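Below is one structure, written out as structure tokens; the observations come after it.
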């Protein structure tokens, strides 16, 4: 039976490239995103043209029961899920506390923290029954420190990180590998960074950064590491790692303010 | 005008003792708890008998608008709030993921993370207008690491800690002092630790620990440090500190497992 | 008998103000610095004029046996030491790896890490015999993260922080309180910050910062917290806390680099 | 020209397996250890029989100039070093402060911290001239927290971690990849864990753990991740990751002490 990799948040950045990477290695890639059926169809077609198999699924991860139904459907129609990549963020740009509606703050939590718990609660018992599995969670610097303007995002990501640790402590001994992957610099992904910065600023960044300099994170390179982590021997599992472009400053560094 | 210290979560443990400490120094202590009007009345009476002033307020912090209304009421009826002590936890004991209903997980977030944001969003603009203020947040080890069985609590506390950092980054320069106080061992508080452990086990712990040995945290001692932190000179503010009984192992230590 | 507070690194900044604070509360302040007998004499005189008692001791902390002899002498001549404040840093300014001689790197370790171990090894057995004591260690942001140009300083401070944790784990249950105090922004101290920046730049900083704005850390304010921490009830000890001016950015924060 | 991977600390555990892994992929493996010329010769022979190339070098890393001479010799005789794996630890077992001679504490620093600085100071300018390189540092839990009995080891490893961060901040933009790899559980390595535990206890652990259960870290599995990290695309470099056997408790977790 084909192994299945479920990618929640399969856009043009990390999610899509991780899906392609797993598909290239023989996995069926189950791709989910909230909207853009055409985008999904294109990605499925691209994977199939490269000799892989994939399926596309529209999913609004914050809807009650939606994640749970998706997992039921895939398990029934395609087969058992071996690896889940949770790749939805909760970044809303820099917003002061006054400028962050309660509904927005709550939505950040629903996307950033709660949905991860729901995936685990639904899927881990199945994985445990089958002897194991893996959950790779894309994370952000806001999981490590809360900056000004990031109250919603930082609360969601901080909660996610501690949740992942608790999941790891409970489920690693049951052979379910949880990895919390800290993406610490800008990723070449038009539908997230592009939106955040605006088209013009994003293109300028791409131009300035990409002149042979690898200063913007390539999602295909990130995907190589996701694949490696998901296939570590279980005597040597990684729970957490950071990743950034070689020219970027790590989140813990900044110039001495003298 | 009398300074006001609002204590959200004023039971027999940290909250109550912090309230008494601030009242002893001349603050009006506005005490909030979810239930037990008698308990509130007794605490108010105790403070008044000691020469202080206090008021009791029933508050369900997770109800929509309840925190906001409480703050409006106190500001209108008693006066401007100078210091808030957020002392509600979200500990539900050790619960496996399977045994944690979604509603429970959500409630943990509403108590542990969201309510802190709501306090800040409501009160900080008033404090800013008046030139400053302070928010002291009682926190728990689960803000630092997620143990097995603590997925709900750890997610709530991890979110809270990152939120506090974001609040600090935005509001410290506006003269609002935020402190995240990590209570890292058991507190002598019948209505939280007592409930968690059961009466018999709690009494045994008290007995075993308390024989002149100070091995269980005294909330009055904790309150001394809360008061000190709230009154640090603003050129030397503390954002985070840990506290534990001298005989207790810090959360980051445990015996080498060889 | 008078309690004794030994301050290793008693210059015009934190060390000197901590000494005065403890002396004001009845401690004999034993002041140590590497050079400047006149400075020592003046500080002793200042404390005595304020009604306190103090003694001055020249000490090169990196000399073999010097710390050990100093402790022997004070214990023999003045009395048992109750509190030690270790206030020597190892900052040498920003230096590239190429520009950091091996001897300099080693000296950083001798001042920053090794001397703390020597103090503990010499004094803790005496404190243990007498039933307890306290060690307060001034620390720096480099204990938490290593910046470019800080390889010597960060190695020394990172080693110091882990050492303090190990000391705390071994000696807190023996009633010796160890506190690691992270000073995270510039302190108004002419003989350290002043030297680092040069007189002109330091004065400009003072001028720019000090116009009623409390933007540079006042060592007397820091000293208040040192005194508080050293006198916490042992059921509620703090091991680590950070301190910074309210307008300063915490080490973990910096502007989102987009 | 053949790429060269220099392994400092190439025993029967992580170091030896990393060397073999790199050799299998076409690197010349330059193996260093303090003693046991026969062991070195055997490892070289094993690599050569598998079709690779290797050389053996006796090195006492704490001797003045020894590391520097080794690098000079290899660069002159074999060729430019592309990757260094620093795999020397400083674990001396659990030792109270009283039972840790100053010479032992200093030796821990010389092995654990100083030698890493010396490697960087000697080799990084050459790597920089040639356009890049990599330094992988094996680290231990003591880099993250100091346990009782670990004052020497924790000071050495804490210093090492901060040093690695400072090296990364200075040299990553110069295309030198530094990775700090936290090995958080016991490794199947007779000459380190075996010595630490004693032969009998080590065999018992092996027996108990190894019954098909992968509960002791396999150094060959660790080596796979070292190789992956050393070859990440530079737009997506990892600085730090943890590794442990799936059944082992992460350093930040331990049972709730109620």
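Per-chain residue numbering starts at 1, and chain names A, B, C and D are given in the order in which the chains are listed.
Keep this in mind: a contact is a pair of C-beta atoms (placed from the backbone, for glycine too) under 8 Å apart; a residue touches a chain by one contact, two chains touch by 3 or more.
For clarity, every value in this text was computed on a predicted model and none was experimentally measured.
The minimum number of touch steps linking subunit B to subunit D comes to 1. With centres set at the average Cα position, the gap from subunit A to subunit B is 34 Å.
Centre-to-centre separation of subunit A and subunit C, using mean CA positions: 44 Å.
Counting partners per residue, subunit C has 145-150, 165, 168-169, 249, 252-253 as the residues that reach two or more other chains.
If touching chains are joined by edges, the resulting network of the protein chains shown connects every chain directly with every other. Taken together, the subunit D residues at the contact with subunit C in this complex read 96-98, 100, 102, 105-106, 109, 113-114, 117-118, 120-121, 124-125, 142-143, 145-151, 154-171. Against subunit D, the residues of subunit B that register as touching in their complex are 94, 144-150, 185-186, 196-197, 248-258.
Contacts from subunit D toward subunit A in the complex involve residues 165, 168-169, 172-173, 175, 177, 214-218, 221-222, 224-225, 228, 232-247, 249-250, 252-253.
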